[in-house]
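Some structures are shown below for you to check.
Two complexes, one shared chain (subunit A), two partners (subunit B, subunit C).
== the complex of A and B ==
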C-alpha cells in the first residue's frame, strides 16, 4: 500500500487548515454560501436533503485496518453510527455537522485520508480494480498508475475549475471490474506484440441523463506517457468543454459534438507539445512508485486443505458462500473473499461502525491488514488463506456480512435516493429492500446465476442503472414515484447501455415486474450455464415486452 | 481602481483599459490595454504609441494569436467572468510555459482569496481583486500550501522529479 511521504502529510495538514478557515469565514458570513459551496464541494461536502453529506476518498479502493477503524470512529462520534460505500469506492457520511467537519478531517489526516476532490467540477478520486495485485487475470498492477494519477490530479492548478466533474478509472486485468467504459477517462493496461506495457485510452464514457460508452481514443499508449496524455486530454476539455449548459458540460458531450476523430486529433496535437515534458515518466519514476505496491511475503501453501473440504461437505451454508463469494487468488493456498454489503437488514453499501471495527480486526487476523472497496458497493479481503476461510466465514456470518450473493440478483447497486439525496426524485433504498425480501430464496437467486440489478433514484444515474443487466430508474411523474425498467446493460469489458423496456411501473408493481423478467429469462435460457445477459442478447427485448405489456 | 496585487505586493495600477476603437487623438499618453480584436485591427497604429501596451483576452481567445507580439506587449489581461469558469488557467500556462511570455499576466473578474494560489501556479503574477476581498488575507493565501505535486509555471517538474 502507498506510504505517505512527508510532503503528502504536510499537504493534508495545510488543506485542513485552509478548510477550517473557509468554514470559519462561512460561519462568520464573510464567505457567501455560493462561493463556499465551490470550496466545500472540492472537499467532499454536499448539502443534502436533511444535512450535510461528507464523502471521504478511498484512493482506488484501498484501506488499511487502521484507516477502517478511523472510519468507524467517525461514524460513531460524528455521524449516526454508520457509513455508506459508494459506486466510486468512497465512503459517505450522511449526518456530519458543518462545524465539526474540520475535526473529522483532522482525524482522517492522522491516518493519511481526506475528502479532497471527492466532489466539485475537478478531477475526482481515481478508481480501480478491487482485485488489483491479486487477480489471476491481471496484465499489470494498476495501483502504481492510480497513485501517480492521484498525485498529478491533486490540486492541479489548471484543472480545478473544469466545465464539469471528471472521473478516471484504471483497470489492469482481462476482466474489467472497474467499469472503465463509463468514466470520463477509462484506462486499461495492455501489452503490445513486443510485450511492452501500455494503455488503451477510452474517453467520454459516462452515465447521467445522456449515457455513453467511452470511445477508444488510443489503442496503445506507452505507460511512460500516461500523465502527459491525461494532461493533453484535460487541457482540450478545459478549453473547449461546454460551459453554457450544465447538462452538456461533461467531456462525453464534447467528444460527441466534436466527433471522435477530430477530438483525437486535438488531443494528439496538444500531446505533441507536452509529451517530452518532465511529466513524462522515466523507468525510475515507475519503479519508485511500484515499490509501494510490491507483493507481501506470501507463504508457500498447498492449494487444498482437508478441513476446508470437510466443511464444504458438512456445512451447506458455508458451501453456498464459498460458491458465490470467493475468487481464486494468484497465489496457491490463498483466496479472495467478498464481504457482501447487501444483506436483507441494511441498505446496499451501508456499514455500521461496529461492523467496520470488526472488519478491521478480521483484516488484521486473516488478510494482511488490508481491505478493498468495490465499484459494486461491497468490500473485499484479498489475501485470505484457504485454511482460514471457515473461521472467517463464521465471523462474517455473525456480522451479517456473509450473504452469499456476490454478482447475483440481490447484490444490488442502489443510490441513496430520496431518503437522503437532494437531487433524487424517487426512493431507491425501499425498492432495493423490497426486492431483497421478495428474492430471499438462495436456491432461486443462485439458479439465476450471474446477473446485475441496479437502481437509481433519479436521472443522474448514481445507481448506474444504465449499465445493469436489469436497471431500475425512479422518476417522479405528476407527483407519483414510478419506476422505468431497462434491460441489457453491462459495466464490464462488454460494456453496453441498457434499453428502456416500456412504460414505467409504480412502486407496488415494480417488484412483480422484475419477477416476470426473471421468469422470461428462465424459460428462454438454453441451459443453466447461459447467463441473463447472453440470453437477452440472443432473444432480444420482444419476449420481455410481450410478457410485461402483452 | 480597486485592490491590485503585483508580484505578491499591493501595488498601484497605472494601466488604463480602452476599447481600442477610440479616435487616436483622444487616447491619453499613459499605458493602455485593448481587446484582442482591436489589437489585431489597429496593431500598427498602436505600436507607434509612445507608451506601454497590453491586450485583454476573452477566455475563449486563442493565446497563440498574439505570439508575434509578445515582445511588444507588457501586459496580458486574462478574465475569470465567474469563479467556476477556469479557462484562463489554461491560457496563463500556455502563455508562460509554452510561449515563454515574460510580461505581466493579470487576472481580472472573480479574483478571490481561494483562487490566487492556483492562479500564481499557472503563471499569473498580477491580480485585480474583486471589491469584497480582504487584501491581507489574499496576500497570505499565496503561501497557504507549501506542497505541490505537479509541474506548472512555477516549477517545471512534478514532485517525484524535483
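== the complex of A and C ==
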C-alpha cells in the first residue's frame, strides 16, 4: 500500500499543529463557533445529536494492521470502545471530546492517517473496490489511480470551496463493487480495442433527496489524462454549480439542468485548457505510484486442499461461511474473506476496539497484514490461504465476525439514523436489528439468495436506500417515525434507483411488510437461481403492491 | 401541561446539556431531569442565561425544548428530543449490558 513521503508527513504534521491551535483558540473563546465550525468540518469533526463525531478517512478502504490497531486505541482511549464503518469506507467515532481531538489526529498521523476533507464542500475520500488488486474480474488495479486522485485533491486550492461536497469512486473490475454510478464522478477502468488502458467517466450520480444515476460523458479517457479531465469537470462544476440553493448544489443537478450533451461540451472545452498541463501523467508518474501496489510475493499453491474439503463436509457452519463469505482470488490457493459487521449483536458497521485489535492480529497472521473496508459496511481479508481458512473462520466465529450473510438479506446497510445523527428524522438501527432478529434463519436467508436491503433515517440517504433491491426510508410524519419502502434499486453495474411502493409503514409494521415482500418474491421467482432483482424486473411492482396494500 | 427547558451541547465534550438554575447559580447538566423549566423560572430569564452561556463559550447551539412533567421526570415532547436526552436507543457495541434508552416511545 502507499507509503507516505516526507512531504506527506510534513503536510499532516502542519495540519495537526494548525488544528490544535484552532481548538485552543476556540476553547479560549478567541474563535466563535461560526468561525470554528468551518475549520472543524475541514478536519472531519461534526457536532452530532449526542456529541462530537470524528470521521477518519480510510483512503479507498485500505488499512494496514498497524493502522487498525491505532483505530482500536483511539476507540478505547478517546471514545467509548467502538467505531462505525460508513458506506464510504471511512470510520466514524461517535463520542470524542473536542479538547482531545488534536491528540487523536496526532495518533492518526503517526500511522499515516487523517480526517482531512472527510467533511465540508470539498473533494472527499475517494472510494474503490474492496477487492482491488485481488479480484478475478479485474481489468486493472484501481488503487494507483485512487492514490493519484487523493494526492491531487488534498488541499487543492481551487476546489476547497465547491458549491457542495464532492465524491469520487473508482472501479477496475467488470463487476461494480464501489457503487460508481451513484457518485459525483464514477470512474471505471476499461481497455479499448488496442488493449490500452483508459476510463469510462460517469458524472452526476448521487443519492439524497434527488437520486440520480451518473451519466457516461466519456467512453474512453486514457489513464494519463485522468487528473486533467477531473480538473476540467471540477472547474465546470465550480463555475456553474448552484450556490443559491443547498438542495440543488450537487453536480447531479448541474448535469441534469445543463443537459448531458451540453455539460459534456463544457467539460471538453475546459479540458482543452488543461489537458497539456503538468497534471497530465507520464508513464513514470503512473509507474511510481503503481509500485506501491505491486503484488506481494504470493506463494505458488494448489487450488485445493484435502483438509479444507474435509472441514466442509464435517462442519456445516464452516460450509455456510465458505458458501457466502468467500470470493475466489486471482491467485490459486488463496481466497478473499468477508468479515461480516452485520452480526445480530451489533449495529451494522460497528466494530469494538477489541474486535479491531483481533482483526489486526488476524490480518497479520493470515492476510499479509492488510484489511479493506467495503461500501456495504463490512471488512475484507483479501489474501488468505485456502489452508488457513478453517482456522480463520474459528477465530472470526469467536469474535462474532463470521455471520454467513454477505450480500444476503441481513447484510443490511444502515445509516446511524436518529440514534446518533442530528439530521435524521427516524431511527434506522432498531429497524435493522428487528429485521435481523426476524430473519435469523440461515436456511431462509440463504434460500433468498443475493439481495440487498438498505435503510436510511432521512432523505439524505446515507444508508443508500435508493439503490437497494429493498430500500427503507425512515421519515417523521406528525411526530411518528414511519418507514417508506422502495423496490428495485441496484448499486452495481446495472445501477437503478428503486421506486416507492406506496404509503409508509409504522415501525411496528415495517418488518412484517418486508416479510410480505419476500414472500411475493419467493412465490413468483422462476426458480431458486432467479434473484430478487431479476424477479422484480420481470413482474414489476403490482404483485408487491397488491399484497401489501390490497 | 407543557413547559420549556433550554438545551445545547457542551463546548469541550460535545455532550447534550440542559440549563439548570439552582439558588441563583447557573450551570449545565447532562440530566434532563435536573433542568430548570418554565414551571419554576420565567422563560425570559432562562433564555437570557442560556444565551449568556453560549457567549461565554460554555455551550454551543442553544435552543428551547418543550417538555412535560411525569412525576420527578421531565419528558421532552418530541421523539428526537427524547432520544437526545436519553442517548441512543440501542446498546453501545462495547457495552452490551448497557441499558439502551428504553424510555423513548416510537
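The rule we apply is simple: the second predicted complex is superposed on the first by the 550 of 550 C-alpha atoms of A that agree within 3 Å, B and C clash if a C-alpha of one lies under 4 Å from a C-alpha of the other, contacts with A are read in each partner's own complex, and residues count from 1 in each chain.
Keep in mind that, in the parts below, contacts are C-beta pairs under 8 Å (C-beta built on N, C-alpha and C of every residue); 3 or more make two chains touch, one makes a residue touch a chain.
This one's a predicted model, so the numbers in the text were calculated from it and none came from an experiment.
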Next item on the list: Give one of first, second, both or neither to describe whether A:420 is in contact with subunit B, with subunit C, with both, or with none.
Entry: second
Item checked: Partner chain(s) touched by A:96 [first = subunit B, second = subunit C, both, neither] -> second
Check: If you stack the two complexes on chain A, which partner ends up touching A:378: first (subunit B), second (subunit C), both, or neither?
Finding: neither
Note to self: One more residue to check, A:490. First (subunit B), second (subunit C), both or neither?
What the structure shows: neither
Notebook entry, point to check: Given the touch rule stated above, what does A:506 touch, subunit B (first), subunit C (second), both, or neither?
Noted result: second
Margin query: Looking at A:325 after the superposition, I want to know if it touches subunit B, subunit C, both of them or none. Which is it: first, second, both, neither?
Written below: neither
Next item on the list: Please give the residue numbers of subunit B that touch subunit A in the complex, ascending.
Entry: 83-87, 89-90, 93, 98, 112, 114, 117-119, 121-122, 134, 144-152, 156-161
Note to self: Which stretch or stretches of subunit C touch subunit A in the complex?
What the structure shows: 9, 11-16, 54, 56-57, 60-61, 78-80, 83-84, 87-90, 92-96, 106
Note to self: Looking at the complex, which residues from subunit A come into contact with subunit C?
What the structure shows: 26-29, 33, 47-52, 75, 80-82, 95-99, 345-347, 350-354, 418-420, 425, 427, 429-430, 433, 476, 479-481, 506-508
Next item on the list: Would you mind writing out the residues of subunit A in touch with subunit B in their complex?
Entry: 7-8, 10-11, 14-15, 17-18, 22, 30, 35, 38-39, 121, 151-152, 154-162, 227, 235, 238-239, 243, 273, 277-279, 282, 285, 288-289
